[in-house]
Each structure stands twice: as C-alpha cells, then as structure tokens.
Amino acid sequence: MINKIVKSIEVAVADVFDGATVMISGFGEAGSPVELIHALVDNGAKNLTIVSNNAGSGNVGLAALIENRQVRKIICSFPRTAISVVFPEMYRSGKIELELVPQGTLAERIRAAGAGISAFYTQTSVDTPLAEGKEKRDFDNKTHVLEHAIKADFSLVKCLGADKYGNLIYNKTARNFGPIMCMAAKTTIVQAKNILDVGEIDPECVITPGIFVKRVVIITNPADESKLVAEKRRYP
Amino acid sequence: MINKIVKSIEVAVADVFDGATVMISGFGEAGSPVELIHALVDNGAKNLTIVSNNAGSGNVGLAALIENRQVRKIICSFPRTAISVVFPEMYRSGKIELELVPQGTLAERIRAAGAGISAFYTQTSVDTPLAEGKEKRDFDNKTHVLEHAIKADFSLVKCLGADKYGNLIYNKTARNFGPIMCMAAKTTIVQAKNILDVGEIDPECVITPGIFVKRVVIITNPADESKLVAEKRRYP
Amino acid sequence: MKLADKKIGWSVNEMAQKVAMDIYDGAYVNLGIGMPELVAGYIPEGREVIYHTENGLLGMGKIAEPGMEDPELVNAGKKYVTAIPGAAYFNHAESFAMIRGGHINICVLGAYQVSEEGDLANWSTGNPDDIPAVGGAMDLVAGVETIFVITKHCTKSGESKIVKQCTYPLTGKSVVSRIYSDLAILEVINKRLFVKELAPGVTFEYLQKKSDARLYMD
Amino acid sequence: MKLADKKIGWSVNEMAQKVAMDIYDGAYVNLGIGMPELVAGYIPEGREVIYHTENGLLGMGKIAEPGMEDPELVNAGKKYVTAIPGAAYFNHAESFAMIRGGHINICVLGAYQVSEEGDLANWSTGNPDDIPAVGGAMDLVAGVETIFVITKHCTKSGESKIVKQCTYPLTGKSVVSRIYSDLAILEVINKRLFVKELAPGVTFEYLQKKSDARLYMD
C-alpha cells in the first residue's frame, strides 16, 4: 500500500550520492527546506551539482552545504544576497563553479525536464552575455536561444502539507520552485509542516499530485532561515 | 476599475473576425463552452481555424459551427467520436482541413504559446506518420521532433466560477484544456456557471489567474451537450 | 479462428487478470480505452494502484453508478467515472507532463498490430476512408516507463496481430514491453519476442502458427 | 552633480509619481526592486492596477505592517508583503509564463545604463570582482509588453546613465520604451530618444549636456 511518509530525515536523504544533481526549492528563505539541507550536510555526499534560485545566506541551509565543500557546481539565477558570505568566498577562490541562468529560463528548464521536453526556444537572454555560446534561431523574425532541460537525481522541497500519497499543498510565495522541482527529479524528497489525511486536500486544489513525490518527512516546526542567520548560527 | 464580466454573450464574441484562430476548450462535452460556440455561430465569422481536442458531436456546439461552414481548418487530436456526423462528412468532401496532433503535443503547443516558448523538442510521434516532414534532432541519443507553439486570436473557455478580475475555477475533468487555452489567446472569453465575489476563491486554489482572461459571461444553466445530441437538437 | 479453437486460450477477463498480476503495488497506471479498462477489476488484494486518465485526473475510481453520472467527470474514453479520496485534477499540459516526463509507470493499451521488435500500431488502420484520430496514444508510448499490450492474438478474420513488421501506421517504435493475448504472454527482449507463458491448451507450435512474428522460448 | 543642480529636477518620489501617471487602469504591472517599488504609492485614484511579483503572486498588496511579516509571503526583493483579495499564488514556471508570454502589461525597472536605442543594462557592472546575479531581469525585458525605466539621470560621480551605447553587459536590446529620470521623461522612438517632458528648471540644452546619448525634441 502507498505510504510515502518516512520516519526519519536521515533515511529520507540516505541515498543521495557523490556527484548527484540536487534541486533545492525556495526563493531566498521562502520555501527553502533547511532541515533537509542540513540532513544532506550530515549525509556528506560530495561533488554535488545544486540547482537553486539562490546560493544561501549566513552559515546555515544551502550556505552550510557549500561551506562544507559538498557542492562542486551551482546552477542559479541570483547567488548574490545581502547576507551571503560563503558563496562569494568560494566563488572568488575558484572552489565552486557557477552556471548563471535567467530566473524564468531556470524555471522553464526545470519544468521542461519534468514534462519530458528536452529543449526549447526562448527570447530571454538574447543579445546578452548569457546567450554567448548558445545556439540561436529565428522564429517570427525574432532571435531565440535554445535552452536544455535540467534533470535532477534528487529534489529537496519544502511544503505546507502532505498526505501519504505525496499530494502536496504549499504556503503563499513559498510555493515558488517546489512544484516544478518535484517534477524534475528521479527522487523527490519533501519536508512538510503538516501531515494531512488522504482526501483532506480538495482534489481541485492539490498543487503537486503525489505522482511527483517519492518521500515525505514531517518537520512540524521548521526553522526560519532568516532567524538562524540573524542569530549567526552555523551548521553543523 | 477592473470588471471583466460582460452582460451579453453576443457582445462577448462580437469581435471574433473572419480568418481568426479560435481555441475551444473541452474534452468531448466536458468543458465545452456550448453557449459561447453558439454565440459564435450567430456572430457568423468565417474561415476560422479552430483548435480543439475533438470535432464536435451531433449538430450542436462545435459540430454546429462546422456545419454552418465557418471553419476552414481544425487542429485536433481526436476528431472521431461515436456521434460525430458533421465533421466526417465535411472532411471526406474536402470542405475542411484537418491538422492531426497527438493530444499531449497539442496541449504542450498551446501551453508553449501562452508561456512565450516558440518551439520545443519532444519524442512524441517520432517514427510515426505524424512526424513526417517535421524537423528531427537527437538529444541523449533519442530522436525528437520540433513542435511549434499554437497561438490564438481568441479562446472560448467554459469554467465553473469566475470573479470580476477573471480568476477562474473549474469543475473536475472539465478543466482539461481550459487553463492553457486561456493563456494562449490574445483575447480569452470565458463562460462561467457562477459569479464569485473577489476574494471568494482561496488564492492558493485559483486555477486560472485573471491576467489570462479578457471577458467573462455568466451562463448559469449551461446545456449538457450530450443531452442536446440525444434530443437531436440543431443550432441555430 | 475455427470452432475447435474456442476451447483453448484465455478469456478476455482472464487476459485482464494476467495483466493485473503484473501491476505492482504503488504503481501509477494509465489504462487505454476498451479491453485495458478491464484490468482495474483484477488488481490483487493488498496492492494499491493509482489510475491516471489523461484528460486530467490522477486517482480515478470506478465507473460511476447509474444515476450518479457527472458529465464533467469522465475518463479518456469519455465514460462517466469517479475519483478516489486523494485524487487530483489538473489541466491537459500537466497531465501530459506526467506522461511524457516518464512519471507514469505502466500503460496498458490495445493494439491493431505489435511487431517482434515491440513496434505498436493502434491508432489508424491506414484506411483513407477512416477519419484519422490519434488522441493520447503516441504520447503514452513515447513517455510511459512500461507499455503492456492486451489484445486478441488474431483478428476476427484470423490474421495474426503479432507481426514481423507492422503494416498499419505506427504509434511508436520499440515501445511495447509485453503482450497479453488470449493465447500467451509474450515479452519483447532485445527486439525478439519471448514466450513468457502459454494459455491453457496452447502449445508453442500452435502459438507460432498463429503468429506472423518469429517467437522464442527461454 | 554640483550643488547648484540640487534645486532643479524631480525628487525620487516625483519620478515615481510620473511613472504612476502613465500606468493605466486595469494594467498588470511588475515593479523591479528598489526605486520602482515606490511607483505603487502614486497610482491615481480611480485606477485599479494588479501587481505581479515574479516569485509567484499576482495581486501583491502593500508592504506588510510591522509585526505582521510572514517569511513565506515576500516579493521579488524578498521584502515582506501582503496579498489583496482576488490574489493568486502560483509556481515559478507559471509566473514566468506570465512574463515571457507577454501577459504583463508594464514593468518598471531600474538601470545602470540605457542607450538611445532602448538597450538596457541593469544586472551587472561587468566588474569581475562582483558576484554575477541576474534574477528575472532578462525574462522581464524579453517578455513584458512595455518596459519603463526609472533612474537618476547621472551616477553619483556625475556620469550620464543615458548613453549612446551601453558599456555594461546588456539585459536586453531595444527593450525600453520610456525613461523617467530626475531631469526628464524620455521616449524611445525608432531607436532615437525623444524628450517627452522636462523637469522643472531643466532646459533641453542642460539635459543634453547631462546625457551621453543624442536627444531629440518633437
């Protein structure tokens, strides 16, 4: 019988392997699965390629993962934040690779992977340095660039509530990259604040259908990343 | 101030012009905007290109529009139904052009238009007659075909409820092509069963945000197409 | 088939049961229109299977009871159905993202012909008088992890549907994993058809005689 | 700028007000981070404008009151905001479908440089020591119907931001429709910059002196 809820967060991320591509949801702290990321720090997998809109703040969450030297490369639209110290240091010293992608192209490349679309043409980034080296083609007399799907081995996603089928709902703008990252990974691991009964979510309002989710771990009181950063906390 | 609700269905479709591309929602009768289609019959616009999953049943709805000789071409995945008489006749006598598209490719081409993606690569239809003449390309050693966005001048869409901002909710599997057709047309015209107060739809559960909708007309008691067909009704 | 043939082989319901035995607990399954729909009735106790219907529902339940039909709750065959608790509705782009993106584990389809290399023809007889219609068939075979075919081994006029090469227009090339016919279960392995199980009263020789394709046994 | 310059031109709030005057009733608007955010405060009475923030909200309301901040309700600048009745949340792919698909009517952005052809540079100074970061800027200029730029006419060190050709890396080419600076409103017409309105105390000659780009007047 189907029950995607796993008891321990260690078990949830246990199979993340060296060299894996891992997507991490969130737009800044909103939707960032801090506890799952910390479990990945404990897991210790190395040479990861991380796909995430930002590159972490302070010394917790994604920043802690980077600081722990587990990330070889990050695919990202906005790695610069006010309280970002770890990524800039690592980047400037050549210890981490950055693939900078316009935010909408990043989202669409992730969605494409989930939807079985291998590549697509978009006008975004045409005539800019980010289009250099990319294949160009005209449609309706407008230049487009070819962009490829980004597939992941794992996605770490935070949501508001989940049932045992893996159906998910999110909270406000913390939804952001969660639903598309759930689609794009072979193994999607979700941390949910609440466990819901099957049928409790109106079938008209399921945001991520369970088919896109492999494991759910319940984290009743997730940390606010901004609080951890303000308190200058570090992980581990 | 924003109020997308228009009083009369005649006014709602008044600007549909000869030669327009018109998307029509629905999967069979589920989600088919029968009243809007009948208003389009009354409007009389000719040489239309229709984008719709099916080609109508009996002598009402889309079948009536075709029977009235307003449709030059239909882009469609499944024009054959048990009680379809009009389309087969017109097709066999060469009076209507058919572009047959796999259902998922049809949906994705519509979504692409709405999302500003001009073309994409998919494996669907490779090695079949429907891939003939299409540009091929390998990704990950698998052959793909290039598929182009389908843009529309108008979309006619049926939904369950709408507020004056044009936010929409749908009913069960009548949702089908509605949300993506709303995105893909310059002018989206919606028939809603219920008018909702602004704020009545939970912002987590809005299916089509109002930005994709131009006009809403309230049809409190929409006809069931299958009943009209069973009663051998004709329109006009 | 001759009258004598009637006593051997599986009934349609037995074929559906054979398919059902091979659908594992927790699978996400799409059932084609017609014979494939019977499979849902035979999933062994203790297995939970989630049905996807490409017109926008994950968690499709049984056919609607008489009097309870909702014209806005249908399956891909436009039959009135129900939704289970824990179901989700979504639009067509999302539905085919599930299909094309490889998220559906098993799809059971009917066939006009299946070739020994696993090519499937199930959407068009190629008859120019027919109205062409494809629906979601090409998307399903291109995207779903595992394609099972359930079909009579021969047409009513006795021609084998298990062929060397499809003569009907293809739905997809090298897409079928397993064929459940009334005479046998066949598996496509490295572009060859292996007999996995023979129906009662069916010999390999008889099966080969009824097949246009070359068959193998382990 | 010299001390004497301080008396002429518009304040930042006046600039925002000028932009707001050009945002029509019923427009769907995306406001960039920083100066553009001020625009929302000056929409004339009687006009209803719906704000989109690319991190997944249509119908963004005012900045959250102190004590009412929700870390899961933020705008693209990661400020705590509110949602109006009639708002909708959606994922990033849907949000950028709105942008790239041409559904947003107006986007107001800041700038490092704008060229006379309407090229915009607003994401990178090209300084190799800076951490590159682009966010949604390139998507917005590529997809939104009309791009307004709100910017000081010159940098703090007195260099014109209204240039013949951008020396900073581009965000997009020929994308800007109108520039609202502290000295003037400029419109890009056929790859030329036309003065639409001069700020109080600003002459065309003065404006041209403060501009690297060639300016035109109707």
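Letters are used for the chains, namely A, B, C and D, taken in the order the chains are written, and counting of residues starts over at 1 for each.
By our rule, a residue touches a chain if its C-beta (ideal position, glycine included) is under 8 Å from a C-beta of that chain, and two chains touch if they have at least 3 such contacts.
Since the model is a prediction, treat every value here as computed from it, not as a measurement.
Two chain pairs, A-C and A-D, are weighed by contacting C-beta pairs, with A-D ahead. Centroid to centroid, with C-alpha atoms defining each point, chain A and chain C lie 36 Å apart. Chain centres here are Cα averages; for chain B and chain C they lie 29 Å apart. Our note on geometry: chain C versus chain D, Cα centroid distance of 56 Å, whole angstroms.
In chain B, the positions touching at least two other chains are 108, 111, 115-117, 122-123, 170-172, 203-204, 207. Shared interface positions of chain C, defined as residues touching 2 or more other chains, are 83, 89-90, 93, 96, 99-100, 142-143. Taken together, the touching pairs give a contact graph of some other shape, not a line, ring, star or complete one.
Applying the touch criterion to all chain pairs gives A-B, A-C, A-D, B-C, B-D. Across the complex, chain C is touched by residues 27-31, 53, 77-81, 84, 87-88, 91-92, 98, 100-108, 110-111, 122-130, 170-180, 207, 224-226 of chain B. Partner chain A is touched in their complex by these residues of chain C: 25-26, 28, 46-48, 50, 52, 58-59, 83, 85-90, 93, 96-104, 142-143. Those residues of chain D whose C-beta lies close enough to touch chain A in the complex are 53-57, 70-75, 78, 83, 89-93, 95-96, 99-100, 124, 129-139, 142-143, 169-173. For chain B in complex with chain A, the residues that touch the partner chain are 108, 112, 115-123, 139-140, 142, 144, 148, 169-172, 202-205, 207.
Against chain C, in their complex, chain A makes its touches with residues 1-2, 111, 113-117, 163, 165, 167, 183, 198-199, 201, 203-204, 206, 209-212.
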